[in-house]
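Quick one: structure below, then a few questions.
Should a chain be cited, it is by its letter among A, B, C and D, assigned in written order, with residues numbered from 1 in that chain.
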Amino acid sequence: MGIDNAAKVEMYRRMVLIREFEIAAMDLFKRGEIKGAVHPYIGQEASGVGVCTALEVEDLIAGTHRSHGHNLAKGARPDRMMAEILGKEAGYCKGRGGSMHIAAFDTGSLGALAVVGSGIPIAVGAALAFQMKGQSHVTVPFTGDAGTNTGNWHEGLNMASTWKLPVVFVLEDNKYGVSTNIRDATNIEDLSIRAKSYGIPGVRVDGFDVLAVYEATVEAVFRARSGDGPTLLVTESYRLEGHYAGEPEVYRERSEVAEKWKHDPIPSFRRILADSGVASSDQLDAVDAAVKAEIVSAVEFAKASPEPDSSTRVDYIYA
Amino acid sequence: MTTIEKDATSLGSTTPVMTPDLINQVGSGVPSHELSYQEAIREALREEMVRDESVFLLGEDIGVHGGAFGVTRTLFDQFGPERVRNTPISENTIVGAATGAALVGMRPVAEIMFVDFSGLAMDQIANQAAKLRFMTGGQCSVPWVLRMPQGGGAGKSTAAQHSQSLEVWYAHIPGLKVVFPSTPYDAKGLMKAAIRDDNPVIFLEQKFLYSFRGSVPDEDYVLPLSECDVKRTGSDVTVVASGYMVWHAMLAAEILAGEGIDVEVVDVRTVSPLDEDTIGASVRKTGRAVLVAEACRSYGPTGEWGMVVMEHAFDYLQAPIVRVAGRDSPIPFANSIEAGVWPDSQDIVKAVRGVME
Amino acid sequence: MGIDNAAKVEMYRRMVLIREFEIAAMDLFKRGEIKGAVHPYIGQEASGVGVCTALEVEDLIAGTHRSHGHNLAKGARPDRMMAEILGKEAGYCKGRGGSMHIAAFDTGSLGALAVVGSGIPIAVGAALAFQMKGQSHVTVPFTGDAGTNTGNWHEGLNMASTWKLPVVFVLEDNKYGVSTNIRDATNIEDLSIRAKSYGIPGVRVDGFDVLAVYEATVEAVFRARSGDGPTLLVTESYRLEGHYAGEPEVYRERSEVAEKWKHDPIPSFRRILADSGVASSDQLDAVDAAVKAEIVSAVEFAKASPEPDSSTRVDYIYA
Amino acid sequence: MTTIEKDATSLGSTTPVMTPDLINQVGSGVPSHELSYQEAIREALREEMVRDESVFLLGEDIGVHGGAFGVTRTLFDQFGPERVRNTPISENTIVGAATGAALVGMRPVAEIMFVDFSGLAMDQIANQAAKLRFMTGGQCSVPWVLRMPQGGGAGKSTAAQHSQSLEVWYAHIPGLKVVFPSTPYDAKGLMKAAIRDDNPVIFLEQKFLYSFRGSVPDEDYVLPLSECDVKRTGSDVTVVASGYMVWHAMLAAEILAGEGIDVEVVDVRTVSPLDEDTIGASVRKTGRAVLVAEACRSYGPTGEWGMVVMEHAFDYLQAPIVRVAGRDSPIPFANSIEAGVWPDSQDIVKAVRGVME
């Protein structure tokens, strides 16, 4: 596979970065320092990092209510992300968006749209613009398993496939939409089969395996850049935490979650890197330590920065 | 006022404070019990489901999870997955399915998790359910209720896509009834009426009010879907409000009473069809009107209320009609600029002092 | 097949009835006696009649902007239909609905919804009610080929399949949505493949062949009544007239249309009935004559009946 | 009045009649040509597409077919299928795709065939496009135009799902601009401005006006998206209207002039943001206001306009503000009851006489 050791270590680093970021965010939320809601990406790090590692800066992702991981995987800065989640002017969205609406255009994230499925049409339109302008960029809208049941999802895949647009539709199957198991919201086992409705490839990968996700994405991106149209990429993992920080999880057994923790993508990838000699465990320890430090200073940065000045309250309503 | 807005039940140090006894709707001696706004809605749902087996609930995560705000909690255990039905994420189809079931004899109560998401369902709400009876020349009716939590509460930071107040979208559409209760008593009585009504009823629940408590009678009761409710009688100025703003109006009235200003508070608990007579009569009595809404100011509910005052009480007006409404802005996340996006008691106090000059 | 000669002749009669009704309606429209719009069902008679012949009165159809044929096939009276289209109080909807909104609850038509796809969720909900009440009725929403690209369509099939509801989704592929060939609005050849997204059978039949449509519907209805859930039934025919009466048809060749007229389902079914000795051509001539007479009196009835009295203008807004 | 409503261009025998010369917006001597409202929109689209290659059109059947009302006819031949793009029937995705394209440098002009169908697209319109710039702290803007034919015309019988006037749905949402031209001159100038504007602009086209004719200057011009336009100056009473109702107001003004009543007509050609100053100044001058809208009366645009008059001219009012608006009913099919569902000149004449008493 066309990816060197340094790149693999960087993938590992971003996975750890997401994990530590989410742990810090959940902690701040529980202590009341973050308002609104926090939807942790814990357990899905390999999906976002595998996908985004296959993208260029100019390629655009569209996120969801659960997009801290998507943004960090695409290269967003944890300090400005944390500042946003704390509602500070130094945040990516100057505190206007918060956890559910982080956009970072400078690193190719056109925004997290919290209405399930609503990022799909927008990503399709951005891909249309790339196609019309003769640019080779792709767009990558993320949705969850439950998001696949929205009208937006169907309309977006139909339109993108009809026009052969450069889109990679990433469907992150983490098994639940809030409390609803995907098995109780559809009548099929394999969501990738829905690609057939649009005459496009439907690919299903282990969403705990960052390298598998990466390789599948590389292929889909190549297809898209070559003008062969969209791909539906289903990454199957699991939401290891509650739907949101502090969510009671009355709908699933502790044992089910415990079982899934055995698939935690971070230690397993770490093992692969160490065993295959890509990096020594000392090197990986150093990565872990560096990330932890980065998160600590990100939180400090976020706390230290000011909230938006009330005189700016009506800015950005109109261009 | 932030302390007053921060916590729903015991609202901080400023006196007078926003406490349940600001609004008493159950006469003394009437057997009653205390419920939160959220519990009152649940009790109405439970009683109607027991009374009439054609009543059932559908919506996202309303089962074991009890819905995003816990309103349907425990109903799943009592009535099971058939009558407390989890749906896929398909807002337009949730509403359309409710319509179809209503057409053949059921009385569905559907939930859209946040009113904001009704943007996905406006076709089924406004083009289908609202018009089917008319378009078919009365061959059918659509007896459903659509529950939608709306609005915000300072400090909650639910941001732009989870905080809107959209009653005008529905109230502008003939064929729909639009209800927006401010108290547990009204929430229970209006929900029972909505379920028994043969028309599609939009039932808006102000999220910040879920924890507000108040007394409801032990015996079965329903409230009319056609009336404004005078929550406080007064002679100097009429404050027209609905939802959470009714509480700010009541609190403002308390504060103003201390200044010798006697405020009448008219609660537009049924937004549409609008009870023009009650608003008109009140302003003919007081000669002054302050209109308060959490919704955005422009093309919001206060405009309609203002024209109703104009049409029913122009000759009695001793001061211009004043409105106090939400900022014309998407709802910001950061507390520092979320502050003031919705009106509060102080804004109402200022407005009333203004019209009294 | 379990259908006797009388029933076959009745199928023929209904096909002729629809044809003559549409010819009369188009004529009245061109002469300005019908306002609004008329969307003729000409060429698709075998689809509606084949489907509705397999239904009981209690089974409910949901129509579209093009539902004169659906209603007549389900048993609606041509005189009250014509009165509706002319905006008369004697019409099924008392003149409130007109051509695009004909409902006839007494014959199991819950309404024609002119917003493409909007009948799907409603039919799904009616089927849910039948299931909850333990009734064995089915619902049959009709949509066109273009309607399959709407979000409603996806959401409705997903919900119905998840709950195993008694629905037969009839997708009438007449090749065009207004001016847009279905090939230019999707990326697939066979629309029935979309059934795979919902784990339900997808059946494709010749929509010019009334008996084939009937048999496929009988099977789908049996499935639905047995509690095995919905079926997607694609009837492939062609819209032999313009999208609406008087529509210029700049998007297709006259020759294409002429070629398709050779498949006109009415003469071909007539031939089958005569050749197989089901009915003599004299008998069928008598049917034709009777239908023509019925349409003439339907038009007279419609013209003779009064418009709604203006004092009733605000009736039926609220129950 | 039916004759006046029946045919758009030469309106029957009653004098005065509704003819193009009721509204002249091009000074004599200015090189100009005559266009229909429909042609004026097309000319604006054509000129902007020539001027700026980032401008493109998307919508259902807008290609060879030219759209349901022929507005885009011939543009397909000139610009081809890429820039005049037929879409599947997917309203929410048409709008969302326009938003996505706008985010990366294009200037899409999307069409929804009838405003009624925007019920399927309200999420992308109101929750996404309107809020993206704000939610992202100004990182992006959404420079699109959404064309939507709306409204009716007596005798057309387009019935309940193809005849609504829904400007309030959009005007209530901060972040959107809402334009509703009444004449070919305004339609062309406002469309060009809308395309060049960096915000999402809802461009409403009154279907009955498509055939109305008028002069437009030969040279390039744009009109501000921030102004009401005084279509006729007068001293006795201000009639505020938009869309087709402006023509009825102008005709009513002619009729009333014969009775010695001098009517000023203010055209709310930009519904939002609303130019409050022009309305306020006019009513401060005349002391009387009649507000006219085709949209349903309840919670419709006249409420907002009325409160604006209240806020800017209360002390000058010599009579109550009166509104003349659409019946609170789904639009019926049958002519006998469709009649009167929308206001006309006679209704305005009566209302003006009323406030003059």
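Basically, contacts are C-beta pairs under 8 Å (C-beta built on N, C-alpha and C of every residue); 3 or more make two chains touch, one makes a residue touch a chain.
For clarity, every value in this text was computed on a predicted model and none was experimentally measured.
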| item | value |
| --- | --- |
| Label of the chain whose CA centroid is most distant from the centroid of chain C | A |
| Between chain C and chain B, distance of the C-alpha-averaged centres to the nearest whole Å | 42 |
| Distance from the mean Cα position of chain B to that of chain A, given in whole angstrom | 37 |
| Touching two or more other chains - residue numbers and ranges from chain B | 87-88, 90, 92-93, 116-117, 119-120, 123-124, 127, 134-135, 159-161, 174-175, 273, 328-330, 332 |
| Contacts with 2+ other chains: residues of chain C | 93, 95-97, 101, 113, 115, 149-152, 155, 158, 162, 184-186, 317 |
| Graph class of chain-chain contacts, one of line, ring, star, complete, other | complete |
| Complex contact set, residues of chain C against chain D | 35-37, 87-89, 93, 95-98, 100-101, 113-117, 146-147, 149-152, 177-180, 184-186, 250-251, 307-310, 312-314, 317 |
| Parts of chain C lying in touch with chain B, wherever the complex brings them together | 60, 91-97, 101, 103-105, 110-111, 113, 115, 118, 120-130, 132-133, 139, 151-152, 155-156, 158-159, 162, 315-319 |
| Partner chain B, residues of chain D touching it in the complex | 92, 116-120, 122-127, 130-131, 134-135, 159-161, 166, 168-169, 171-175, 272-274, 295-296, 298-307, 310-311, 314-315, 320-321, 323, 328-330, 332 |
| Interface residues, chain D side, partner chain C - complex | 60-61, 63-65, 68, 86-90, 92-93, 116-117, 119-120, 155-162, 327-330, 332-337, 339-341 |
| Chain B residues within the chain C interface of the complex | 56, 82-83, 87-88, 90, 92-106, 108, 123-124, 127-128, 132-141, 143, 174-175, 177, 197-199, 273 |
